[in-house]
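Chains: A, B, C and D, in written order; residue numbering restarts at 1 for each.
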Amino acid sequence: MEDFNLHLTGDVHAIGAAHNLGAAFIDNHIHHGNQLGIDALGVLWPRVVDISDRALRKVVVGLGGSENGYPRETEFVITVASEVMAVLALARDLADLRLRLGRMVLATARDGAAITADDLKVAGSMAVLLTDAIKPNLLQTLEGGPAFVHCGPFANIAHGNNSILADRIALATNEIVCTEAGFGADMGAEKFFDIKCRASGIRPDAAVVVATIRALKMHGGVGRIVAGKPLDPALLQANVDAVTRGAENLAKQIENVRIFNVPVVVAINAFPTDTPGEIEAVRQVALAAGARAAVVANHWAEGGAGATDLAKAVWDAAEEGAPNFQLLYPDEAPLMDKIEAIATKIYGADGVDYLPAARRQLAQYETLGFGHLPICMAKTQYSLSADASLKGRPSGFRVPIREVRLSAGAGFVTPLAGEMRTMPGLPSRPGGENIDIDAAGEILGLF
Amino acid sequence: MEDFNLHLTGDVHAIGAAHNLGAAFIDNHIHHGNQLGIDALGVLWPRVVDISDRALRKVVVGLGGSENGYPRETEFVITVASEVMAVLALARDLADLRLRLGRMVLATARDGAAITADDLKVAGSMAVLLTDAIKPNLLQTLEGGPAFVHCGPFANIAHGNNSILADRIALATNEIVCTEAGFGADMGAEKFFDIKCRASGIRPDAAVVVATIRALKMHGGVGRIVAGKPLDPALLQANVDAVTRGAENLAKQIENVRIFNVPVVVAINAFPTDTPGEIEAVRQVALAAGARAAVVANHWAEGGAGATDLAKAVWDAAEEGAPNFQLLYPDEAPLMDKIEAIATKIYGADGVDYLPAARRQLAQYETLGFGHLPICMAKTQYSLSADASLKGRPSGFRVPIREVRLSAGAGFVTPLAGEMRTMPGLPSRPGGENIDIDAAGEILGLF
Amino acid sequence: MEDFNLHLTGDVHAIGAAHNLGAAFIDNHIHHGNQLGIDALGVLWPRVVDISDRALRKVVVGLGGSENGYPRETEFVITVASEVMAVLALARDLADLRLRLGRMVLATARDGAAITADDLKVAGSMAVLLTDAIKPNLLQTLEGGPAFVHCGPFANIAHGNNSILADRIALATNEIVCTEAGFGADMGAEKFFDIKCRASGIRPDAAVVVATIRALKMHGGVGRIVAGKPLDPALLQANVDAVTRGAENLAKQIENVRIFNVPVVVAINAFPTDTPGEIEAVRQVALAAGARAAVVANHWAEGGAGATDLAKAVWDAAEEGAPNFQLLYPDEAPLMDKIEAIATKIYGADGVDYLPAARRQLAQYETLGFGHLPICMAKTQYSLSADASLKGRPSGFRVPIREVRLSAGAGFVTPLAGEMRTMPGLPSRPGGENIDIDAAGEILGLF
Amino acid sequence: MEDFNLHLTGDVHAIGAAHNLGAAFIDNHIHHGNQLGIDALGVLWPRVVDISDRALRKVVVGLGGSENGYPRETEFVITVASEVMAVLALARDLADLRLRLGRMVLATARDGAAITADDLKVAGSMAVLLTDAIKPNLLQTLEGGPAFVHCGPFANIAHGNNSILADRIALATNEIVCTEAGFGADMGAEKFFDIKCRASGIRPDAAVVVATIRALKMHGGVGRIVAGKPLDPALLQANVDAVTRGAENLAKQIENVRIFNVPVVVAINAFPTDTPGEIEAVRQVALAAGARAAVVANHWAEGGAGATDLAKAVWDAAEEGAPNFQLLYPDEAPLMDKIEAIATKIYGADGVDYLPAARRQLAQYETLGFGHLPICMAKTQYSLSADASLKGRPSGFRVPIREVRLSAGAGFVTPLAGEMRTMPGLPSRPGGENIDIDAAGEILGLF
């Protein structure tokens, strides 16, 4: 979905161009005398590219002699992980976008001070490049329902939520608005509450947690899901025990949402191979974990009609509302306390371990005055922990943080947990190998 | 103009994405076992970015451990220098585009064989990414005249001509079509004839060489033009002698077009500070050099009406036509002979010097079967020579070639002359510093 | 002392040449077709230089085109950290030296197999380069006592003990032999027992633990010792409380030696500023911790006569002997268990944390058949922990391991604890700045 | 010979240590605040290693974060190419050594000024490291004749002459002294005259040009000599024609020495396979070219007795002497004129071509006040030209200069001609593969 909307209107290209313009301005400024006293080894701003290209994860640029600048190690991240993407999604309007872009910290000075996009005089050009991209894209479903598709930060490495601007427009014209927060509730929902609601001031009335039988079965220890490979047959065989075990993961996700005092409706996204026994097992675990309702939906087959029960349950929940909605941690808590709150309360970890670099960065960001920011954890979506192989509801684990990044314009701090990366790599047989076009312009191999 | 059309419709972003997908496929293929036996140090394909970013001229990628691939030196070029841009402009239709993309040589194998985009199974995806970009963009002038704006390879580092497809559509629906070839006639016109006409099979009936008094004055040794600085006042003062001296450059450009047996009309692009004496001096030099006519045009002030005389002169010239049109060199000449032909006949050089790397590359391309391709010289547009400081009509110089690149899909070979670069750098005060947007969405500082 | 003996006879240069020859052979082998199938990204062998040069800690070599090999990331370590240095110190004779050099694992193959110096046919040349260096250097003290000075692996980053060959020659000709193990007993003594005794089969009869009042005072929280700065005056003032607190460090070191069932004599290396109260405090802590004796020595002032009491106490202890001498861990324990044994029993840590890279390396070395090797920990000498700032006898800490290196020829595995580095850097005002020579050949500024 | 003397006494290790200490001081100075304002991209000083290691020809150092300094591209050269080696050979005494070391220009400041070893306060330490190496090594021949073996700059990439100090000691104690200048007379002899005589003030009385029949045969177009391969059989067959043709190379070398007004004796270094006809052909060409005598010597078989005739001829020539000895060019000539003088008069070239970098460097060195220095050309020894494949006495060629290095302490400027490198690489089967040592200490495989 996210990729789709981005190529649709060129938004991601505009974001990439704005981002890389900032990078070029930094190196250019240092090359031309460095009046701001930028610490060439203290540049915080990567470059971006919208292709999974592992060779760009770590590079040395500026080689080949002094006319090419000065050499330094840096990295490319996937464009969806760009702070510009996060800023676009969190900006309330064009003026706010411009302010946030200007506040982004691209580097530090030799004396430790923050160097912002405004200091480098590049934020104006960035904003101009985003004048089209800031406009939410209004699409319609196959049945004609309106849907905004706008911005695509991934929930594992970014904040995982569509734009505040799209939500605001939708709220201004509708009785009820559903908005999607990516991946598991430990990632997307936590960031929706602690980052997006903080930025927008908008409060949710209810939450929907989506579950599938086969995902829970896998969390119960059966089968494996490998990207690009056919589905493991074990996931298609009825197995109430495995589903029940795996539903502990769902239970924790429900509890996680309840921590924010928001009512939860579980949507069981039904497949033809699901058995009544499996569905019932999920329902019972969900209700026991505090869900207000757990409803089967099969809109994939029946369209809107297949989601009527779900819609009613959500409407009811929203009418109850969340008058006691609360964030996980206060602004004024130290950054490490916020990280610990997420790790222990949401992920169920025993605690957090920091590499020395991560400790130094957290201290640096607090010194620079960014200690009040919320946290945008970068963590695998495959486990509640930072270890993708720990399924179900793991316990007795710690969350290792190797590095922490600052997004001063978006307004959060991003710890990198485990071996989480901000630039994917292509598989041994990329999907693109099968794609082609014929002379009539027919595209082949997309599905 | 070129930049304008590219951002207009996202064409340049599509080209950049297609190009960089090829780069990711190469490194990914080697990383995953390298079944094609690609020589990791024989990769010919750079990456591209659409920003002037000198720090990316020479980089080492693939650092940080084996999960990031393998380290190698490579470069980023500006997107307009991408072979994909050249292919898009030279393709006759979608099927031809697909074939040309597939033929592009991205690397060599350890045994010396060419590795194409088809070998890597990436050409299909590239073509799909270009399905919108291949469609010429039809715009209109302020007076409502139709104009295709499509593709933007720069004439100094690329072939400098808009798309064959746009020309073909225009020719199918109009009595006469004007198409632009970038920069001086030694660059844009030579490439128009030897590359674009070769590829399209379309023959020109006449050529317009555009001249300005102030440019010729500069070629006559007066004043300096520096990008980003106000115009040198010396260029605004009447100076018939300087204009006459500088017009030797124009004379050579006229002679250059005459080598192809195409009638030449000189358009004197008039400015308010030009004096009648200066204009007359240019006219006389032009006619003496073999121009069919030399006409003043001031459409910049009067619109179409200001170019009526010019239009008539061009129409007349086109009616005369170019029945004896000839290319500068035959396909079957060795690559070095072709380069020598351009250097001596078009630039007026005494000869060509090759660095050892350039010699090796030329021999390699002939061994690979690409000796029949035409030449797309990369040379400064500021001089007939490869040395930007040699103004007027220089003589007694040699053209140094330091490197030669292969564009097997576009169908040419590109020698890099002198210190010509395929990635510009930003100036000490980039124009982007002045650009901003206000809360009402008004863009500031563009002009 | 170590530096002194190395430059004395050129031993360190021979070691450096032998080491770097191995490095050149690896890259040369890959460059010339790579018949052994070496994984270019799996090279384990650094280069060495005998200068503190932080710029060489991490480098990319092989740049500049295929005639220069292939690019890869690697590092230079200080020559004393070379495995060749360790091999030289642990070899029983020339034949054993040759065998050990041949067994060194310089790289891995693409299929994971070990590539040794014998596989690369470089071990013979290495041995030839060491034919002079293997001969122990016999010197005499100012009073004419014989002393072997041979080999200098530092005890923080290497095994910290002089050569087995020198010990064997000394033992063959003397009633009693004292040999030095570098730095604290947690480093030098543990490695003497677990690595050098294992390799030589020689058992110790007694151990001397050397203490100074000022070092214990510092461990008690008073003053700071900074390399290159004058002594902190606080360390020169009597402070029995601080000494008593700091002596907990000494107590732990005594306990550490007792773990091996070796009798301990504490030598209090007296300074004029030490007070009787401070000395008595140390004596009491030492005896309480299990030392057989604690004796003041002031040979620095009185020569051999000043160490007579100490010598007697050591002779007595050696006559008692260590019939129940035992190693800390058996060969057959898994590598992680051995590391844990050192960390918890010797350092007093709660446990060990491994970065993912360290885990992978430990698994790799066990797969390659090196799980039986002892451990040569690289750890700061400034603390019992891996954190140089934790003084005295710290508790409640964990030992972080970020990387593990294999020395298959020397016969040990080296975990890098904390931020311990194998290449130092020069200070802001290197001592070398003061050194000069006059026209008469007089060397100035050495002291 | 050169390698032999260096390892003999550790001189080359001392030179390497002194050289690399300078490199560490530069990077360390910049790292610690850079009070001298060194331009990090204007460092002129490479590192050295005494192993043929092509992977070190071009490296990026200082990677891995700011605690490792700052990244920059640099190179390692073989130790014999170190300026320290050249300084040691050209120093008149210890005081002169110290002065020359201090004058070496290691880098430039951001304002373009030279940064010397004295500015960096490293020259004193360098001199101390060389206190043993400066002492000439006195050896004896198998027959007991005294011979100094001291210093080893290669004549292709360095000045190719042994030390002035050794010559001075020899001259102080002997009637006549023979000193060796490496490789061909176009390299070693030219540098002996223009660099070493300039530095020492000592004038030669006569010159010996050594010739072998097989080398001249190869210059005549027969056979190939490949390092590490058995001799081409074609070179062992009598071929007067080939010898006569190839002797044109010898003729040019004789003429070259005559340019300096020094009498020439040709020593024909006889081999058993040489025929009288071949020897006579060489003699005639030599005398025709201006040699005073051409004498067969077979000391390789008969010892001193085999060189009696040669010795007499040399003694006679020396008694004639060189009263009109003259240098090739005056100090005050511009650097380019000096280079042109060598290229055209000594090598027989038509002229010199400079890459832009070389032009900039020459201009820079003249600006810095080093225009008065002599030239130390780096050129292949396999041809009079810069192209190793041009045998005999080539003509019609130009000498390409790609880079120019400054040796301000040694006192010369080094243009790099053609593809001449200052770091060799190992062959596909390095000689070291055959070398080993047995348990008795016997070295195997050296010959």
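In this section, a contact is a pair of C-beta atoms (placed from the backbone, for glycine too) under 8 Å apart; a residue touches a chain by one contact, two chains touch by 3 or more.
Since the model is a prediction, treat every value here as computed from it, not as a measurement.
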Result of counting contacting C-beta pairs for A-B and A-D, higher pair: A-B
Option in A-C, B-D or A-B whose residue-number contact pairs overlap C-D by over half: A-B
Whole-Å separation of chain centres (CA-atom averages), chain B against chain D: 48
Separation of mean Cα positions, chain D and chain A [Å, integer]: 64
Inter-chain centre distance, chain A versus chain B - centres from mean C-alpha coordinates, in Å: 42
For chain A, residues contacting two or more additional chains: 60, 63-64, 73
Of all residues in chain A, those that touch chain D in their complex: 39-42, 60, 63-66, 70-73
Complex contacts: residues of chain B adjacent to chain D: 60, 353, 355-356, 419
Parts of chain B lying in touch with chain A, wherever the complex brings them together: 10, 13, 16-17, 20-21, 23-25, 27-28, 31-33, 47, 49-64, 67-69, 73, 93-95, 98, 121-125, 127-128, 131, 425-428, 430, 432-437, 439, 441, 443-445
